[in-house]
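What follows is a pair of complexes built around chain A, which joins chain B in one and chain C in the other.
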Partner chain A sequence: MIEVVDIHKRYRGRSVLNGASFTVEKGQITCLIGINGAGKSTILKAIMGLTPLKSGTIRIDGQPMDKNLYESIAFIPDHLTMPPGMKLSEGLRFMQDFYQSWNANRAEELMKFFSLDQTERIGNLSRGTAAKFNLVLGLAQDTEYVLMDEPFSGIDMFSRGLIAEVFSSHLIEDRGVLLTTHEIGEVEHLIDRALLMKDGAICRDFQCEQIRSEEGKSIVDVMREVYQA
Partner chain B sequence: MKMNESWTDVTFNGRDPVYLQVVRHFKEQLATGRLEAGQIIPSRRELGAMLKINPNTAQKAYKEMEEQKLIVTEGNSPSRITLDDNLLRSIRSELISDAVDAFVVSVRKIDVPVEELLDIVKQKYLESNETERQVQEGGDQA
Partner chain C sequence: MNRYLKLVHMEVDRFKYILAGLMSLTLICQFGAVIWWTKSAVSNRESGAWNNGGSMAYSLNPSHNGNLSFTEVISNTQFLFMIPILISIGVLAIYVFLIWYRDWFGRNTFIYRLLTLPIARRHIYFAKLTAILLFIFGLVSFQLALIPVEKLIFNLIVPSDMRDPSYISNSIYANPALGMLIPWHFDSFLVYYVIGIIAVLVIFAAILIERSYGRLGILYAILYLGISAFLLLFPMVGLGLDNLNGYLYPNEIFAIELVMCVAVMAVSVWLGCRLISKKITV
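This part shows the complex of A and B:
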C-alpha cells in the first residue's frame, strides 16, 4: 500500500498541496482526477521523492521512500525522458542496465503490442508513439506499483483504445496503479477508485462501483458536484 | 465468428454498476441464443480484455452470475453457462418483464387508454421490424 498522509507543498509563494491524504492499494487501479494545475503531477513526483515537501509523510508498504524502493515502484511521467539520439532498442538496454526489476520478455511483448520499431530513433517518434514507448519503459519493470501521469494525453482515439486494453490485461493485474487524468472518458469503466482533487487536497475518495450502485451516480456526476459547485 | 463480434459489442453507461451491466449483457446473449446452455465462457481475465474492463469488475460479474446460478464452475475447469432450462427460460421473461416495466412507468405519466396504447405499440413494433428487415436486405445487396 502507498500511504500519503497530510502532505503540504508551496511553490513560488503559492500553496500547491494543502493537506492531501490518500492510499493506493495493490490490485486496484486508482485514478487521481483534477483540473489542470490541481497538483496531480506534483503528488506523483512527491511519491517518487522527486520534489521536496514542506510537511507530510509518504510510505510505501510501510517504508519511507528510498533508492531501493525504485525497484518496486515505476513512474511513467507525462513525457519521454530518454535521450533523443538513442534508438528504441538502446533505450530498452539503458533501462535494463539501471533496473534489476527490468523484465526483458515483457518489454518485448509490449513493443509488439504497440507495434513499435526497435530501430527507430527516440527523437523521431511522434507524440503518440513516444507516449506508447514511455508506457513500455514503465510497464516492463516488474514492480508492485506503477504511477502514470496523464497516460492518455495527446494520444489519438485508436491508440487510446490500445492503452485502455493494457489496463484490462495481465500487464496491470495485481499491481497497484495510480494514474492521473483530467479527462475521465477512457478510464471511466477501468478504474476501481477515484480521488478528486481540489485546492491541493483530496475532496472526494470513493470506489466507483459503490457510488454507482448506492447513489446511481457516474464518476462524471460526482465531478460535476465537486468542480461546478 | 459472429458470437465474438457481439461479445465486445457492449456500450457501458456511467451510472449503473459495470458488473451488473456485464451480467445483463450475458443475459441478453442467452435470451437471443448467442450464448448457449453448457457453453464454456472466457476466463475473467479474457473477459476483462474483451470488454475493456477491469479484471476486478469481471470477477465481480462472474461472482454475481454464479450466485444467480447462471454460470457454474466445477473445480479448476473453466466456467460454463448453466444447463438448467428453467433458469434459462426465466431469463428471457425477466428481460422482457424489466423492459415492459420501464415502458409502463414512463408511459403511465401520459395517461393513455390501454387499447390505444397497445395499438400504437403494435404498429411501432411492426414498423421497426420492417426497418430492420430493409437494413438487412440492403446490407445483403451491397
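This part shows the complex of A and C:
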C-alpha cells in the first residue's frame, strides 16, 4: 500500500499541497482528479522522490522511499523521459541494464501490441507514439505499483483506445495503479476509486462503483458538486 | 559499481559525436598546418627564396643555417595549432553546464528517469564528473598522440639534408596553448588540472543548488561561486604568494591555499551529493 500522510509543499510562494492524505491499494485503479494546477502531478513526483516536501510522510509498503523501492514502483510521466538521440531498442536496453524488475518478454509483447518499431529514434516519435513507448517503459517492469501522469493527454482517439485496452488487461491486474487526469470521461469506466483534489488536499475519496449503485451518480456528477459548489 | 560504469558509458556515448568532431577538427587543422607550412618552406628553400630573406626564422635568427626543424613548424603555425585547442576547451567548458541542463530541458526530460533509477543518486553525480574528466584527458592524450605523427609527416616531407633535429618537448613549448595543455613540469601539470577539476566541482555544486532551490537557487548558486572563488584566490591575491615582504612566509601561504583547495573540493562534492540525493527537484 502507498500511504500519503498530510503532505505540504510550497512552490513559488504558493501552497501547492496543503495536507493531502490518502492511500493506494494493490489491485485497484485509483484516480487522482483535479483541475489544472491542483497539485496532482506534484503528488506523483513527491511519491517518486522527484521533489522534496515541506512536511508530511510517504510510505510504500510501510517503507519510506528508497532507491530499492524504484524496483517495485514504476512512474509513467506525461512525457517520454528518454534522450531523443536513443533508438527505441536502446531505450529498452537501458531499462534492462538498470532495473532488475525489467521483464523483457513483457516489453516485447507491449512493443508488438502498440506496433512500435525498435529502430525508430525517440526524438522522431509523434506524441501518440511517444506516449505508447512511455507506457511500454513503465508497464514492462514487474512492479507492485504504477503511477501514471495524464496518460491520455494530447493523444488521438485510436491511441486512446489502445491505451484504455491496457488498463483492462493482465498488464494492470493485481497492481496498485495511481493515475492523474483532468479528462475523466476517458477513464471513468476503468477506475475503481476516485480522489478529488481541491486547494491542495483530498476533498472526496470514494469507490466509483459504490457511488454509482448507491447514489446513482457518476464521477462527473460528484466533480460538479465539488468544483461548482 | 557496475551500474556506475554503465552510467559513465552512457554519458560518454551521448557526447561521442561532439568528441569525435573536436578530435577531427584538431587533426585536420594541425595536420593541414604542418603539411601546408612545411611544403611551402621546402619549396621556398628549393627555389632559393629563403636566401632572399623569405624565412621568418631567418629574420629572427640570423645564425640560422637554412635547415628546417619541427619546432620551427609549430612556432610558425601558432594560429592553426591553437584554434582547435581553444575551441575544444570552450566546448568542454560549455558542456560542464550542458551535461546537467540537457537532462532537464527539451521535450524529453531524462532527469526523471535518471533520478528514479534503483541506484544511489551520487552515482549520477560521479558518472557525470568522470565523463567530463574522461573528455578532458581524452582530448589531451589525443593531442599528445598527434604530435609524434605530425613530426613523422614533417620528416616525410622534408629531405634529410634540409632537416634540423628537434625534441618533441621543445616543439610543444613553441606554442603557448600546447605548453599550457602539456606543462613542462609535472607539478605544473598537477596545479593546472587540479584547479580545473576544482572549477568543475564548484560549477557542478552551483548547478545543483540552482536546480534544488528554484529562482532563489540562482542567487544561492552565484553566492556559492563567489565564495568559492574568494576562498581560492584570497591566499594568492590577498596574502600575496609572490610578496616577499608579506606578513606570512610563502610556505605558510601555500599551505593556506592548499587547505582552501581541499576544503572547497570536499564541500563541493559533499554538497553536490547531498543535493542530488535529498533536495533536487524536477
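Methods note: the second predicted complex is superposed on the first by the 229 of 229 C-alpha atoms of A that agree within 3 Å, B and C clash if a C-alpha of one lies under 4 Å from a C-alpha of the other, contacts with A are read in each partner's own complex, and residues count from 1 in each chain.
Throughout what follows, a contact is a pair of C-beta atoms (placed from the backbone, for glycine too) under 8 Å apart; a residue touches a chain by one contact, two chains touch by 3 or more.
Just so you know, these numbers come straight off a predicted model, no measurement behind them.
Participant: Could you tell me whether chain B and chain C fit or clash when both sit on chain A in the superposition?
Facilitator: By the criteria stated at the top, chain C and chain B fit after superposition, with no clash.
Participant: Is A:Ile219 contacted by the first partner chain B, the second partner chain C, both or neither?
Facilitator: First partner only, chain B.
Participant: So, A:Phe167: does it touch chain B (first), chain C (second), both, or neither?
Facilitator: The answer is first: A:Phe167 touches chain B but not chain C.
Participant: Give one of first, second, both or neither to describe whether A:Tyr227 is in contact with chain B, with chain C, with both, or with none.
Facilitator: The answer is neither, since A:Tyr227 touches no partner chain.
Participant: Taking C-alpha centres, what angle do chain B and chain C open up at chain A, rounded to the nearest 10 degrees?
Facilitator: Approximately 150 degrees at the chain A centre.
Participant: Considering only touches as defined above, state whether A:Gly49 meets chain B (first), chain C (second), both or neither.
Facilitator: second
Participant: State whether A:His189 touches chain B only (first), chain C only (second), both chains, or neither.
Facilitator: Once the two structures are laid over each other on A, A:His189 reaches chain B alone.
Participant: Quick one: classify A:Glu209 as touching chain B (first), chain C (second), both or neither.
Facilitator: first
Participant: Between chain B (first) and chain C (second), which, if any, makes contact with A:Phe113: first, second, both or neither?
Facilitator: A:Phe113 sits against neither chain B nor chain C.
Participant: Once chain A of both complexes is superposed, is A:Gly27 in touch with chain B (first), chain C (second), both, or neither?
Facilitator: The first partner, chain B, only.
Participant: In the superposition on the shared chain, how near does any CA atom of chain B get to one of chain C? Answer in angstrom.
Facilitator: 28
Participant: Touching chain B in one complex and chain C in the other: list those residues of chain A.
Facilitator: Touching chain B and chain C on chain A: no residues.
Participant: What part of chain B is in contact with chain A in the complex they form?
Facilitator: Going through chain B, the ones touching chain A are 12-20, 45, 48-49, 51-57, 60.
Participant: Note which residues of chain A are touching chain C in the complex, please.
Facilitator: 11-12, 45, 48-52, 67-71, 75, 77, 79-85, 94, 97-100, 122-123
Participant: Report the residues of chain C in contact with chain A in the complex, numbered from low to high.
Facilitator: 3, 6, 10, 14, 106-113, 115-121, 214-215, 278-282
Participant: Within the complex, which stretch of chain A touches chain B?
Facilitator: Contacts found on chain A: 27-29, 161, 164-165, 167-170, 173, 188-192, 208-209, 212-213, 216-221.
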